[in-house]
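Going in written order, the chains are labelled A, B, C and D, and every chain counts its residues from 1.
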Amino acid sequence: MSDTNREQNIQSSLESKFSFLKDKTKIRRARRMFVDVEKLSDFRPVFDHLFNELDFTRICMITGLDEGENYSFIYHLASFNGIELDLKTYTPKSSPNIKSVMNTFPGAELYERELVDMFGINVEGLPEGPRYPLPDDWPQGQYPMRKDWKKEMLDGK
Amino acid sequence: MATVRVPIGPQHPALKEPEGFVVWLDGERIKDFGMRLGYNHRGIEKAAEMRTYIQNIYLLERVCGICSMAHSTAFVQAVEEIGGVEIPRRAKYIRSIIGELERVHSHLLWLGVAGHEIGFDTLLMYSWRDREVVMDLLAKISGNRVHYGMNTFGGVRRDITKDLCEDILKAVDILEERTKYYIKIATEETTIRKRLTGVGYISKEDVIKLGTVGPTGRASGVAMDIRKDDPYAAYDEVEFNVITATSCDVYGRAVVRLLELMETYKLLRQFVKNMPDGEFVVRFPRKVQAGEATSRYEAPRGEDVHYVKANGTDMPERVRLRAPTMANLMSVRKMLENNNLADVPIAIAAIDPCFSCTDRSITVTGNSGSNILTWEQIRQQGINWYKNEMGIDFTELNKKYQNRGL
Amino acid sequence: MVMALFNILIFPGFLFLCIMGLSLEYVDRIIYARLQNRKGPPFFQPFADFIKLVAKEEIIPDCADAKLFRFMPILAMTAAVTAFFYIPLWNYSSLYPFAGDIIVVLYILTIPTITFFLGGWSSTSLFSMIGAVRTLTQLFSYEVLLFLAVLAPALLADTWSLSEMTVYYSGKPYMMLFNLIAFFIAIVALLGKLEKVPFDISEAETEIVGGTFTEYSGRLLALFRLAIDIEMVVGASLIAAVFLPFGLGISPVWGFMLYIVKVLFIALLLSEGRTIFARLRIDQMVSVCWKYFAPLAFLQILIILIVKGVL
Amino acid sequence: MIRPGKMFKEVLSHLFKKPATINYPAEAANMPDKFRAKLKFYADKCIGCKLCMKDCPANAIFIEKVGDTFEAVVYLDRCIYCAQCVDTCPKKALEATPKFELAQIDRKKLRVKINEK
């Protein structure tokens, strides 16, 4: 396809810079890209590269997913030329820790707070503040977007 | 005067939906601003995982009353992308027409609310009266005034016939004339200008840094419009301009919205004129093959993002959505710096907030089924909350009132 | 004695004022609604609202000064009613005229505003206190305007008595034309006094909930609202007496009708005023009043002085 | 030209115009023909496939077998009036009508049996 030139440039830029991204970058369709970063430690360099060099200067949202052994996160990045890139990374369920991206993009605060409340992810570097979106008297240790959560658990069953 | 903490919300006449804002005041000046969100948390993302795709259209349509077409279209687009189904061109045009009519009604609604927030109720009454024109039209086309229910997988549920096209053009003529009048009022009435100019300033750099979207971002000079950048439905086949302003304040946002209405009328005329004949819906399987897709939509308030992950069954594995207000809320703190208390309502209203859209997820009922609290239980809950959170004990006061039989 | 009591309590005193006030509220509301292309309330709406409020429980905040809190609505109403006795309505003379009653009327008309402040302040609620401070700030901007506006015709008539002033102007109604600027300023000041848009800053519901009256409920709120309605009648009557002094002293019935028409005309102006403006911010209001209206008022007085010198 | 009171003329002209609002419960409000409100059910067309029950987003409709024919029970308080059941029904046994004034004080009355011959 000829109309995916921009996407191909981004793909080649990513793959030449990061060797571990070979075959992990996909062009779904025009203006939709997908990048899979398997190791959490590799996430930050890729993110910074996308943010600073390739003009993906906005996080549309952060999706948390409960996928078997891992929690995975999709950072939906957007640039001002209309390309949307899903940057996926993983953290093991045994120690769900990620680092905040707020120092780069302050607008991500609410999305990260949502990960804390809904998935019980420990987000390092997130400033203290009111919780979002669950109520203040929500029982501790219950994270509703996890797949093993049932609403009966609210009654302590 | 010492710093005073003024709560604005969760229940406050300025807010149409519950959301807790707090401002710290020095006289009438705002020193600091805080917010507590989540009062409208309805568990939609979790609920979407437990429903079939067809049920989810209507669930996600109800994320927001005003942007109902935006949310359902974004969801349907994502699912269609996973399913690999190309919808007929006529369906694309119908979706675009409803989406633009929705923008007209949303922007006119905003104009009225903005008028009300600055104490100009006449503007509210007039713009809402004119909004009825488009509401009646939507009721006629779709069968409902707000939740249109037009979308289904593979197309739309109802056709727009020749007669309805005539009605649309007629309504557009009326509305265009009225919008011109409102543009004149908003830009030339001294009291409105006085209340709007310089209020809620946010620079272009901050807009980019905080990820502000929609008319709020465009009023600060960021020309970002999903309809142009990432065209969906039939937007790649029509001509229109992205309206921006450089004043970065509430006045700019008002002007951007009003001028956007003029672009919308232009778009509607093109859509009606170019609408192709043919099918308006194609068959779509009940079960969607595994896959994932992200879909973006330019709702009246800004960019609306949906992410859907399918696992091959008739229910989605994960639905994630972000309403424009959530992206815009982060900028409110910046906007209110060095403003007056009197500017809080209009500055918040200027992002066209829709808190219900913002919050979404989690169960309403705890104790397996409906949960009806007695008056006494509610009171007790309030007392406990104040004791734990604020350190104020109302137990004695409560006893006193109970003794008085209240 | 009986006649005096009748005058004070029933006609044209307290009872008449109550009915007149509520009716005028209806007129104001229906004009407001029609200007906004709405149907508006039925004629009994203000009465129904009043009765409903009287029937409701009154809640006094625990931290509030209960005595002051209860006393303020009554004081507000008393002050408004008292001022009415010194205003000539359809005769050349008011009920109890004396030299210098203009000053007394203007002074007494300030009292309701002070009671709003004290009532709001004593209720210790946050919104009330902000509203109370705003009320007082507002007072300093419109009160001077009202004084200056009434001063101009008084200077021209060379008297400090309202009754003597009406006699003077009835003799030479054309002299009124020199006071048009003052009439305009008086309407603006009255809008401020009645706390209506664009000067409803102290009870701006979208900013500070109910402003000064946030904590008031039941009977006390009903009295306050009645006091504002009466203040509207008194203010309109004052403006009618000072600026529209024609057709006085004809037969009582026709005089009364003419008086009502004058009051309705001023009510129409007030409604129109609050229809076409957005609410100003408190700093904007002070600056508008002092930068534009105060110089205008002084210009008016200058004109009067010149006219007096020439004549 | 920027000046205060820009709406003066427009507003004053409305003083003698007919109001845009209607006195609702006293005067009837009409909805267009294709409005989606209360459902109609044709029992003789129903084949009892219960697809409408499956697709209903709000669990508001139930098809019950009564003798030889079918009967639709609709919870008007749950129904979100999307009319998906009308679209789903393979035999066109359901139909949406523009009758929208369905409020009741007693919640039990909101469970209605619809059976039209």
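Criterion: a contact is a pair of C-beta atoms (placed from the backbone, for glycine too) under 8 Å apart; a residue touches a chain by one contact, two chains touch by 3 or more.
Computed from a predicted structure; not experimentally measured.
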Centre-most chain [mean C-alpha coordinates]: B
Contact-richer chain pair (by C-beta pairs counted) among A-B and B-C: A-B
Mean-CA-position distance for chain C and chain A (Å): 62
Whole-Å gap between the CA centroids of chain B and chain D: 24
Between chain C and chain B, distance of the C-alpha-averaged centres to the nearest whole Å: 42
Of all residues in chain C, the ones touching two or more other chains: 35-38, 275-277
Of all residues in chain D, the ones touching two or more other chains: 4-7, 11, 20
Residues of chain B whose C-beta touches two or more other chains: 122-123, 129, 189, 191
Those chain pairs that satisfy the touch definition: A-B, B-C, B-D, C-D
Chain B to chain A touching residues, read off their complex: 34-38, 41, 43, 45-46, 81, 208-212, 222, 224, 226, 228-230, 292-294, 296, 303, 305, 307, 309, 318, 320, 322, 326-327, 329-331, 359-363, 365-368, 385, 389
In the complex, chain B residues that touch chain C: 4, 6-7, 12-14, 25, 28, 115-123, 125-126, 129, 189, 191-192, 194-195, 340-345, 397
Complex contacts: residues of chain C adjacent to chain D: 31, 33-40, 272, 275-277
Contacting residues of chain A [partner chain B, same complex]: 28-29, 31-32, 57-61, 63-65, 74, 76, 78, 80-84, 86, 105-111, 118, 130-137, 144-145, 151-152, 154-155
Residue ranges of chain C in contact with chain B within the complex: 35-38, 62, 126-127, 130, 197-198, 200-201, 204-209, 275-284
